[in-house]
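Next come two complexes, and both contain chain A; in the first it sits with chain B, in the second with chain C.
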Partner chain A sequence: MFCHPNRLQRTKQSPFSPSLSLTSTRAKSSYALLHRQTKMLFFSYFKDLVGREVTVELKNDLAIRGTLHSVDQYLNIKLENTRVVDQEKYPHMLSVRNCFIRGSVVRYVQLPPDGVDIDLLHDATRREARGG
Partner chain B sequence: MSWAGPDDVYLSTSLASYLDKKLLVLLRDGRKLMGTLCSFDQFANAVLESACERVIVGDLYCDIPLGLYVIRGENVVLIGELDLEREELPPHMTHVSVAEIRNPCRFSDRTDLTFFRHRKQRGRQQISKVQ
Partner chain C sequence: MATEEESAVKEPLDLIRLSLDERIYVKLRSDRELRGKLHAYDQHLNMILGDVEEVVTTVEIDDETYEEIVRTTKRNVPFLFVRGDGVILVSPPLRTA
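So, the complex of A and B:
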């Protein structure tokens, strides 16, 4: 589900209305205001991709394939079970199996084709464009 | 580093799991540093103990000891945990001395070229210091 993991729990506990749809709308806007959801779209998206196999291409042309372990608000990425795409060109990376990649050096994150729920993504993008 | 909610504890992208481990740090200028992580912060600044720079030229490599290093986070590309059970380098690579690596016969790409210019300058500075 493409949303903050705590959002649904928060709506259930809300004292204002028993209806899930009403509180979810209110929770959405209050969540956006309080927690600046407007800047967290990609962070949330990558959190949903944790556990998937991705290929991260860096600005220095190094491409690393691995399982997405975690991501943070700077879009720093931690990969596990890493393999460098062109291993011969990067012999020093031979024994590296887990790595931390600074967000500022990422050029692309290549995703599995079934890793994208297009409708959900469109929805979240429109919401973020509106300001939450 | 990130807002760690109760569910995010296991998702944390902090370098804490790399503390006291032998790491390979790739820098933006193409240098490869190896050492033990002593500390870090939210900018990925890092302190490496027993750091050495692994210089690779074609099939030749050399480790230049550096001691205690503080790395500014903006220069960090990647921090990789070296698996001690695996070979760090392919078997066809040969270890050479520092002097040999400074005068290679061949080089493969622009990164190495930058390295040579840089090393030549540092080499001259070191020689003048000794004298």
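So, the complex of A and C:
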């Protein structure tokens, strides 16, 4: 771990882009402003999507609709106000209203079509692909 | 020219970059296929696709006749995030029509 006080100062900022702080912009376009970010594209994208309604489809075919509460670097997802999409087929989560979903069990996330600025996504992807 | 270095195709992921904003075909695990417009991807092959058609193929074996019945189920999703660990291959759309 870092023990020099100077080093400690630097680690408070994002290690990927020393000149840009991760939390500097909370606007919808923040994921495109992370110029030299690698490995964080979808994490940033999902952070911008917090508060929107999404449907997470798991690898075991269970589909859960809910409000995106939070996401982390592994793309683990926390949903609030959840409902199972096909309630008759999957009755074991009838009373669950909030859940944490491990990122590795997700197959798809159905996103709101108006939740994205497509051009920003394209730009961020081109930058990410080059940096990776 | 020095600036062409940026768009040079060096590794397989660069080939996918050429398909950004184009329609692509994605083969997934569990006999699933997607056709949609590629909007974003990363090195894990996590992707965001637009105007997606998902095709799920199932093979049922009749108990009596033992014949294989191949069924496909199609679904349309306007905007989809696909987790990369389920992706087998990415390609320009195949001309099957």
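In this text, the second predicted complex is superposed on the first by the 95 of 132 C-alpha atoms of A that agree within 3 Å, B and C clash if a C-alpha of one lies under 4 Å from a C-alpha of the other, contacts with A are read in each partner's own complex, and residues count from 1 in each chain.
Assume a residue touches a chain if its C-beta (ideal position, glycine included) is under 8 Å from a C-beta of that chain, and two chains touch if they have at least 3 such contacts.
The shown structure was predicted, so the numbers you read here are calculated from the model rather than taken from an experiment.
With both complexes brought onto chain A, simultaneous placement of chain B and chain C is permitted, the two fitting side by side without a clash. Of the two partner chains placed by the overlay, only chain C lies in contact with A:Tyr45; chain B stays clear of it. Of the two partner chains, chain B is the only one that A:Val96 touches; chain C does not reach it. Contacts of A:Leu58 after superposition: chain B is touched, whereas chain C is not reached.
Among chain B and chain C, the chain that touches a larger number of residues in chain A is B. Looking at the shared chain after the overlay, A:Ser70 reaches chain B, while chain C stays out of its contact range.
When the two complexes are overlaid on their common chain A, residue A:Gly115 makes contact with chain C while staying clear of chain B. Shared-chain residue A:Val85: touches no atom of chain B or chain C.
Of the two partner chains placed by superposition, chain B and chain C are both touched by A:Ser104.
For the pair chain B and chain C, the model built by superposing on chain A gives 14 Å as the shortest CA-CA distance.
Residues common to the contacts of chain A with chain B and with chain C across the two structures: 59, 104. The part of chain A that touches chain B in the complex is made up of residues 4-6, 35, 43, 47, 50, 58-60, 62, 64, 69-74, 76-78, 82, 91-102, 104-105. Interface residues of chain C, counted against chain A in their complex, comprise 6, 13-14, 16-17, 20-21, 30, 39-43, 46, 48, 50, 77-83, 85-86.
On chain A, the positions that touch chain C within their shared complex are 39, 41-42, 45, 59, 75, 103-104, 106-113, 115-116, 118, 121-122, 124-126, 128-130, 132. Here chain B touches chain A in the complex through residues 1-3, 5-8, 10-15, 18, 24, 26, 28, 30, 32, 44, 54, 56, 61, 73-74, 76-84, 86-90, 93, going by the rule given at the top.
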